[in-house]
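These are the structures, in structure tokens.
Look for chain A in each of the two complexes below; its partner is chain B in the first and chain C in the second.
Let's look at the complex of A and B:
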């Protein structure tokens, strides 16, 4: 009985301890450079929990992170190391802007924009899937490379095709009919949050309540066993990629139609950059579980929102704030990271050997 | 069962603990803050993604606010974004405190953020530099770039004539209405400069304009290739109206000088917005058509502190030093930025100063007198460079000043 309770509590303790270690390390770094750690952490936590405004801002920031976190989490569950969310987000965002050129009634327009974003993200996940299934190209390589292709394609598209004729620095804004309404006035929180949450629950249901999800997880945990049981491995891998792409594509679309005040992309795509990579951190902190990802995204977003107040009220410069964030995130992700490395190392070794021998 | 329960409870527990800890810290520290009542007034500068150290817009915006803060004894707070998604939250977070006399948005990238925040916080003063937002609590600053461009054009035309070059060039970014002001002013200045040259020397100089819209504000290589093309067609000076593409223009100038075994121009580049004269060791950028972001942020702070802040739009021109030709004192200021940004080394500063002074002394005095005369004429309102606002008007300007 006692060991059962311990097993339940141990992960909580792990994360809690990891968080404390991260905070302590951050405090030491700040103290070394002559900033006041207590003031800074005070600013950080009051920013997240201290006001309704702060919490709304946190949720607004968490909205896309939930989805990009899902992309990575689904990948790990299905046995792939998918870091293509970044590029898929760009494609989703571009698609959402493109369809805003259509004129449609408002409800339908929102739906069309989200679906277009999801489709674009999914389509962008197909090349790495295809390369993996047919040629055995490792997805880490192909997704990283395709992220760059998407980035420069996006920049080109924003300047050449979707540029705002009056404002050289940004694309045209999403049509007013395709925008999601603001939920709490005076904040950036829109109904995009519910789209994100709904998607997360859908994935949860899919992974644990359907045959497809079951097969996907079996392939992820033990491809040999899956093969023995007659599960089509390639089909499952492809589904994993597509599901991830859908999530990231929706994230990109939401950053356009649910992101005031511009509802547009800047020519360097900076409003959608790093969401995919942050998603990896979110997934790791959330232990690659669709529900865990939601909470992890909120925490991650809180750090982002707190960065502002650490800068403004505690006088810690942005660069230092980001170092502190990095330390905390690494510490929190460490438990899952260790587990994942243990799982992944043999696979990578096999792959390297295969490449060497072939 | 699946792991839902354990993860769920774990996060609840974690957030509870964090919440409690933060609550504790808040209570402790708020007691501390209340004990020391704050009297000093505060102002805030919100930069764009370039942030501090960009040696241009943001550094200048900071410089003006910093000088004003010192002069009027107020506290300056800078909010720097990690990405463009941070603009509005940064402005809002500052505005929500209600502690700031004025919140200054540096650069047109902050337009949407300032507009949204201004509507939400009608009692907060905002200033926006280089763009216009129509709100009663926003003071906008825009610049008469056509005036600085006219000075630069006159200088370029006369210098080209003096060195027997048949062309002057201008390399621009994407063709958007704000850039027409530069082009029109430059064209106007060239004509004026050539007339003045003829009046003084008695000989008619034939200097034509080469102009290129590169369609980019970021592709440095295009700056170089455009400048190379213009130099090979005989351009002696090239005005950079494309931000970072200036680095490419400077490269083209350097290549040409190297081929001929020379150190100092011509050909020269002409800088834009910031003081870029120190680039290329102080003898390759003859002058810069400056936009004084620092003046704007200084004025915003001054008005806010003195209590006569009012929304509206200020158009800063030559008359109030909002734009102008680069001078020695500004060169020294900007070299300090360059030093901090690791663009130049401490030991080179003296060389750059000497090179710069030598370069400017090479240009005959009557040319500088001419440029000063044009400045006086513009300030007194006797001469007005054209300001095209539509494509038609720009076409007319191009016909009138070919």
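Let's look at the complex of A and C:
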């Protein structure tokens, strides 16, 4: 009985353990470079949990990360290594700005913007899917390349087509009718959070309660068995790409219509950059589970938000948080490491005993 | 002070390698030991053949003699001296080299590079020229034509095997063990190989040749040892025996019981295979124009030593392998180019040979695996939404009826189940609908006696209710007990179809081995 409970909560425990390892390693590195780790962590966690404002900022930051985390998580479930969320976010954001040029009633306009973003993300996921299915091109190569295409296309689009006539460095802002209302005034937290949460639940339902999700997971775990079961592998791979693209596209849209105060893109795309790549880390920490991704995104976002406070109050450079995030992901990505220590520990203990007795 | 062997000298030559009382396995764990007190030897200048069915323990013995595996008990003497072989390197150092059935070369590298991989006299330098030169010499000496600078991946199966032999010869062994070396070769290549082996034996090598093909035994051996279920059934000079005697030694002597069943009346054809040709995974032709008809209410057995095209036949019938030529007709409809799903939807159930590999998705739950091929249909899903309670009920029924031991339908990963339990899951999943056609591959392999008889009853019951069952099994007893008719496959052909009532085990055995 106990072992069964253990089996169930093991992934969660692993993630927690990795988080602790990351924080501990961060502390050691800070100590080596002469910073005060305790002060730094005090600042970090006060920033995240110490104030309503801080926690709201964390949730705002987590909003797009939940979705980009889902992109990668869906990919892993469906057997593809999809790192195209970055580019799909850009395309989603551009689409959301574009449709804000329309004049529509407010409720519908929000919906249209989200759908436009989702579609743009999904469309941007089609070339890698097509290349993989027809030509066997590995998705890591094709999605990385398309990320760059999307980046420069986005920069060009913001300057050439969607530029704000009054302010050269940014695009026009989303129309007020297409904006999501702010939830906590003074912060950038909007009702976009609920869109992300709803999307997570939707993906959870899709993966474990529908035939499409069933097919997708069978293909992801065992393509040969999928073929035996009469599942069309290519169809499933394509669905995996499209679902991931939808999630990333929505993330891009939300960064426009749910991201005060500007509700716009800058010409360097700074407000939407790295969301896709951070999503990979979020998915890994969240164990590629739609619900796990929510908590992982909040954790990841908290570190990002708290890092600034840490820099100001404890004088620890912002990049320290990146180190901590890196260590956490390494710790998670290396369960073999844990296996190895499990094997080595008894051996070491025996050796010590032998030395003692002899 | 090493112990010396006293029975060293004989008239044919020195005993190069001798094994005494080799055992492998643990009593009580399996029904029999993998190897049970095997005595075996090979002398200078002879080809000593190890003959036996699949699972007799030939490969395990060879691996022990060459140092790949350790043994549970027993001693190995090389030229009269007791040795302990803990690794293939140990074996090579003592002059014993093994050529495995599957090619064990790094495909992106050249032949010479592969040979160099196994040597340890090149700490820093990379004396490829030297290796190439030596390989050239060896290949000329023994008539093993291979270009040492060719990439292994570009070579044919025969060339790869010659490269493998050269790789071993580079270490100058005295005993060469070849595990079913002809299984990948075309007949001409096999002939060439036999000539090489003969020549090497004449030069003083001791050759251990493993096979299950009778004609090869007669052609190449000086001496034969027959293995069955881990035991030596006999050892004899080739001149003092014949194919019939060897076949009898290879097979079991007990007479299979025919199970009671309804009278078989030839009804309509459910599935027919018309002159099909299929290419195997290695690019070689695996089915050479196979034809057979499967009737409603009939169990049609396919007997044969594994690797003679049975797997490919099943894959072709179930849509998992492309049919190059010929036709597949299911319930009167041409399904030659149909997908696995289309064939399944035509009412064809499939109990695959590779259970863990394709029969189930191991990381998924027991409940999910029990609907692996039925999830699209109501009541398990409606409008694409899975119905958990219907699936639970269904899973509970199968688990109950087939004695599957699974801790929890929705929490246990199928990975944790034993092979027998997985097979019972598959049996249940593929038979509960009483499908029109069942393609069963080794359905009782690995099951305990109770489960075997349960499965046999199930098959007979399904047959009596009108299912057409194609049964592929290596277990001759099972084939004879269950089938109405039996086809024997050899080298991608059906070499004969007999009525089970008139089937005789040793006759089938002769057909299986091509004797």
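Basically, the second predicted complex is superposed on the first by the 309 of 358 C-alpha atoms of A that agree within 3 Å, B and C clash if a C-alpha of one lies under 4 Å from a C-alpha of the other, contacts with A are read in each partner's own complex, and residues count from 1 in each chain.
Keep this in mind: contacts are C-beta pairs under 8 Å (C-beta built on N, C-alpha and C of every residue); 3 or more make two chains touch, one makes a residue touch a chain.
All values derive from a computational prediction rather than experimental measurement.
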item: Touching partner for A:224 - first (chain B), second (chain C), both, neither; value: second
item: Touched partner set for A:291, first chain B, second chain C, both or neither; value: first
item: First (chain B), second (chain C), both or neither touched by A:233; value: neither
item: Broader residue contact with chain A after superposition on the shared chain, chain B or chain C; value: B
item: Chain B versus chain C as contact partner of A:41, first or second or both or neither; value: first
item: Partner chain in contact with A:211 - chain B first, chain C second, else both or neither; value: second
item: Set of chain A residues, in rising order, touched by both chain B and chain C; value: 8, 208
item: Sites on chain A touched by chain B in the complex; value: 8, 11-12, 15-16, 19, 38-39, 41-42, 44-46, 48-50, 53, 57, 159, 165-169, 186-188, 208, 255, 259-262, 266-268, 270-271, 273-274, 286-287, 289, 291-292, 295-296, 299, 304-305, 307-309, 311-313, 315, 317-318, 322
item: Chain A contact footprint on chain B (complex, rising order); value: 2-11, 13-15, 17-19, 21-23, 25-26, 29, 44, 49, 51, 77, 79-86, 88-90, 92-94, 96-97, 108-109, 111-113, 115-116, 120, 173-174, 176-177, 215-218
item: In the complex, chain C residues that touch chain A; value: 318, 320, 339-341, 344-345, 350, 352, 357-364, 368, 372-373, 375-376, 381, 384-386, 388, 407-408, 411
item: Chain C-touching residues of chain A, taken from the complex the two chains share; value: 4, 7-8, 208-212, 214, 217-218, 221-222, 224-232
